[in-house]
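One chain, chain A, links the two complexes that follow: it is found with chain B in the first and with chain C in the second.
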Partner chain A sequence: MRRARYLARRVAGVLVTLWGVSLLLFVLLQLQPGGPAEAMLGITATPSQIAALNRELGHDRPLPARYLHYVAGLAHGDLGESVIFGRPVTEVIAAALPTTLKLGAYVLLLSGIATVSLATLAASRRGGPVDHVIRVLPMVGLGMPSFWIAVVLLFLFALRLPVFPAGGLQPGLVGGLRSLFLPAVTLSVVVSAILVRSLRRGLIDTMESDHVTAARARGLTGARLLLGHVLPNAAIPTLTLLSLVSASLLGGAVVVESVFALPGIGQLLVDGFRRHDVPLVMGVALLTAVLVMTVNLLMDVVHALLDPRVGPR
Partner chain B sequence: MSDIATVRRRRVRSTGLLIGVAIVGGYLLAALFAPWIAPAGPHELNVADALARPSAEHPLGTDDLGRDVLSRLLYAARVDLALGVAAAVTAYVLGTMVGLVSGYAGGWLDLVLTRVMDVVQTMPVIVTIMILLLVIGRGPVGIVVALALAGWVGYARLARGTVLAARNLDYVAAARLAGLGHRRVLLRHVLPNVWTHGVVFLASDIVASVGAIATMGYLGIGLEVSAPEWGRMISAGQAFLATNWWLSVAPGLAIVVLGLGLALVSDGLTDRLTDRLGR
Partner chain C sequence: MRRAWAGVAILLSAAAMVSCSEVPDAAAPAGLVVARAADVTTLDSDAISTSKEGSETYGLIAEPLYTIDAKGALRPLVAESHTVSVDQLTWTFVLRQGVRFSTGVRVTAADVKFTVEHARRGPLQGELYRGITSIEAPDDRTVVLRTAEPDSALLANLAGYPAAIIPEDFGGMDEPAFWRDPIGTGPFMIDQWEQGRQLRLVPNPHFRGAKPALASLTFRPVPDAQTRMLQLRSGQADIVDGVPYAQVDAVRSDSALRLVELATPTAVFLTLNTAKPPFDDQHARRAVSLAIDRQQLVRATLLGRGRPAGSFLAATALGGYLPEFGVARDLDAARDELARSSSPGGFSFEIMYDAANAQFGTAVQVIQANLAELGITATLNGTDRNAVLATFATPNWTAGVAEITTGDVGYVLQFYTATNGFGSGSALVSEVSKRWRESKLEFDESGRLTIYRDLVALIADDAPQVGLYSPPRLYATSARVRSVEPVDPTGALDFSKIVVT
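And now, the complex of A and B:
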């Protein structure tokens, strides 16, 4: 009951934040020099063309009316029409979203495996050379912009050693897994670099805790001790961190999709930005906010399930 | 932990800080003195000598227009460092001020400001930057402002947290009781507690800023000037990855080593700070 109330409050908080994001996007849209029409048509447009597009976009009406129109559109899932595609933004995004989601799932899988194994290795050899290397590696990983990791991987495993395709998304399950592998590894490097340190800390703290000593005293060792008693408790702070990472993961996807020419929402965003397709850019921005908030909410649910103490006192 | 282990760890850490400072100092010198160190000008074309391999004359070879890569790398340090530092410092000042006011004022103002922080942090930084650039434009000032407006929240949360802790401390209450105004209490008594924590964060934030600038340069959505820039150098070299891989790898390494240097500085500073606070 208490937990349900807590989650209901979190959902309400998410909705308020999303409203804030939509308001922010609306305000920025209005702030554009010359209004959205002039920005979209570029400097070669005639005043009459600009006026016509402004009328079409409803930009000639007073501000409150424009805001109401914008909110009503959002409520209906109407994000306007993309300038470069000439189709509704929602349609364009819906076509691209699956690629990004697949990439995201792939990254979670790979970085999950990497984080758990590296952190366990480091924590079980605490203070040794292996531990040291695993603690320093993230510092290097975090200093590398994701696009550069992508370029290096592209060079090594698509050009020098042509194991993976250099770009594009191949059809079919195997093709998809192959063409998404290097992009997913790129982002996993970034994500694991953030998570490994936290999980290592969590593992060490948990291994020293009383309930683990008790489990050890009962004769538990190895995988049963680790999976049954240590990991679930040690993972809680790392899961919280993961919800913070979700935004940067999505930002990384924007970049990596462009490097590997993957037809996802990141590619849309960059194309839209380059060609000044304001409705498309705003639509993708709003979607990233929704995705990040959804992940955060999911993490809260998982957190509440793992830790009975979660919730308002 | 035993005393000896602590001392040893501290020594390792201060060596790290030293190396970090040396690396960052080296970059600053390189950027500052680029016109004197660089073998050639950043725009000197020599098409006859295009895509040359590394040699004594061109230590990092030449690009597809025959321009000396090392020289361009050095000149690019000016652009990337100047913009990265400017953006991070602006975010630091802005965020600390907002966090200070938010934490000290409390009430509805605090509520509104923390909500704004939530909203800004909901979108990926690169997305926020792109939206802001659509509005502000892609000049150097536009880039700095966009990066700062996308990156101030971390500092604000840090400052707000410290203020909330400091607000109830005796000496702050004493300062208020002594009849000092809010402004004076904030600036003279609360701020000194807040800014040191931000500085540690600043070192790692500069890496993120330089990374963001290079990322935008790489994607072709960044700075619209002709000056060389690391990110753009990487994307320009990508077409020649199979034959002249150093064209892309060298500017990338420049970013990575800078990141490592700043991470060491940040780590070392954290240690100094926690030692001083006796924790």
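And now, the complex of A and C:
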């Protein structure tokens, strides 16, 4: 019951935050100079053309009326019509979202494998050369811009050793996995770089704790000790960090989707901004906010499950 | 612990094996794959004017009555011929026989009537067709258009994409559904369109002319220029649009690739606000124009490709014409003009430009250095493209960099007049308007060209807009792609003629 109340409170918090985000975004986007009419028509736009197009797009109405209209549509799941696509924003986003979600899942898988492997290796060889190398690696990962990693990977594995496609999204499960591998590796380099140090520290602290010493005394070793007693406790601060990293992951997707020509929501955001497509930008930004808050919420729930001291009080 | 490592190793190997397995791509194109910088977001005939990729794709699907060929000449397409009445107010078009839509349905005059009426209602391009007062279809092959006043530009306007013939009442479809899969008479039709991924065309089986030699034509959006080039080199794409200038030599030296360089009617220019100091003074404007080294601009921004521009109208759009004044740098003449201006010791002003455009960024730095030699200080204000466009519509700017691609000179002049000289407040606007109206009455093409050239000379002389450079259109193709030729003056390719060996 207490857990249900805790969750309800968190969900209500998310909804209030989303409303705030929608209001802030709407006002900020309206403050941008120019409008979709100027963006579409360019320097040859006549005042009458601009007025006619603004009328058609509903941009001739006062700002509060436009916002209320937008919120009313939002309540019915209507995000408006994209100016550049001439189709409902929900439809445009629905076509692009799966690519970004698949990419995100791939990144989490790869960076999860890399983080656990490297952090465990470093923690188990604490103070040794392997540990030192693994502690330096994140610095290198964080020091390299995503677009540079992307270009290098493309050059090496799409041109010199052509095992992956040079961008684009191929159809089918295997095609999708092949197409998304290099983009996922690009983002995983940065994500793992952030997480490895945190998990290594957590593992070392947990391995020195009394309950792990007691477990060892009971004869537990290897994977059973690691997975059953060390990792669940050591992972708590890393999971918190992961929820923060998820937001930057979506930011990284904008760059990576562009370099790898992936039709995801990062690309939509870039196109929307470039061509002043306010409904599209609003839709993508709101979706991003929902995703980030959902991930945060999930992480809180997992955190509460792993650590009984955290959560409902 | 060892088992845990074994598990990790198995997971990694599985991921690598799945990722590396060379399974044949089910959607591997049998025809030609073209990597372009942007996606086709819409094929709505009115809205596509805002997107090069959209309009060029639509041009492969639907055809207008007349078209403008690569040399800029008008030639009949869906129409067989036309006549103009003595009072030049009535245009009668006879449709070509045997023209069919990709559905197999024959094109009739009713389809043309519907198309033009639809084009007139377009919020973006409708203005081009509003001079048409009535459209009649007395029989299946005859269309009669009437205009309120003589308009020699009508044929060029009818060659525009909004007037490409579509079936009456959208062939029974609702309008949004029609624009997702438009039906036309062109050499290709849509086979598959996946937003952001690819748009695949296949030959139209009912096309009246020679069928394209391609099994399919696939356009893929690849925003990053380096990735586009990698796709070409790895064989994933056959043609790449928008080759980076820095890679031109590398493409030329690669025997597996070919470079296709086409002149375009695009001009990049500096527009000056003549309603406020310092550019309310003609001598100040002329000093700026004379001080700019356009050859250096071409070298710095286009790495030597392209050519100088004499105004906002590219030389390509004027049969290669460049005005005498301003194209060549003349520092002595610039100093004389500055000495005769109200600021003989020099002045300062701000140049606004789209910061996302790397070429513009380089160009303004060259201009800044050129003008500094004259004692004129230019400060640079790189900002968002939309902010630049919106500011042009206000009085709050002094100078800005802009770009125009000219499909039809009369069309651009019409908008120059309607936008008060792109917001520059140029005293020449009324003169341009007068001459443009004269050009509408001039039905002889060479006579019209003379009017346009005189106007360009006039504008270059007064310098409210200062031409900078005209970039070329650069394609790279794999060596197996043959017969790569432009279909129109903008450098769009004629994919119906391309052969893959």
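FYI, the second predicted complex is superposed on the first by the 293 of 313 C-alpha atoms of A that agree within 3 Å, B and C clash if a C-alpha of one lies under 4 Å from a C-alpha of the other, contacts with A are read in each partner's own complex, and residues count from 1 in each chain.
Everything that follows uses one rule, which is that a residue touches a chain if its C-beta (ideal position, glycine included) is under 8 Å from a C-beta of that chain, and two chains touch if they have at least 3 such contacts.
This structure is a prediction, so every number in the text was calculated from the model and none was measured.
Contacts of A:L79 after superposition: neither chain B nor chain C is touched. Shared-chain residue A:L177: touches chain C; no touch with chain B. Residue contacts after overlaying the shared chain place A:S117 against chain C, while chain B stays out of touching range. Touch criterion met: A:V152 reaches chain B, while chain C stays clear of it. Of the two partner chains, both chain B and chain C are touched by A:S258. Using the contact criterion defined above for the overlaid structures, shared-chain residue A:P162 touches chain C, although it does not reach chain B.
Counting residues of chain A touched by each partner, chain B versus chain C, the larger count belongs to C.
Once chain A of one complex is fitted onto chain A of the other, the partner contacts of A:L241 are absent, as it touches neither chain B nor chain C. Touch criterion met: A:L24 reaches chain B, while chain C stays clear of it.
In the superposition on chain A, contact of A:H276 is made with both chain B and chain C. In the superposition on chain A, the residues of chain A contacted by chain B and by chain C overlap at 32-33, 39, 151, 154-155, 159, 258, 270, 274, 276. Chain A contributes residues 16-18, 20-21, 24-25, 28, 31-33, 39, 139-140, 142-148, 151-152, 154-155, 159, 247-248, 250-251, 254-255, 258, 269-270, 273-274, 276, 278, 281-282, 284-285, 288-289, 292-293 to its touches with chain B in the complex.
Across the interface of their complex, chain C is touched by residues 32-35, 38-50, 52-53, 56, 82, 84-87, 92, 95-96, 99, 109-110, 113, 116-117, 120, 124, 151, 154-155, 158-159, 162-172, 174-175, 177-178, 181, 221-223, 225-227, 258-264, 267-268, 270-271, 274-276 of chain A.
On the side of chain C, the complex with chain A involves touching residues 1-5, 7-8, 11-12, 15, 18-23, 25-27, 35, 38-39, 41-42, 44, 47, 50, 123-124, 127, 176, 179, 194-198, 220-224, 226-227, 230-231, 233-234, 236, 271, 356, 384-387, 389-393, 402-404, 412, 415-416, 418-419, 422. On chain B, the positions that touch chain A within their shared complex are 115-116, 118-128, 130-135, 137, 204, 207, 211, 214-215, 218-221, 231, 234, 238, 241-242, 245, 248-249, 252, 255-256, 258-260, 262-264, 267.
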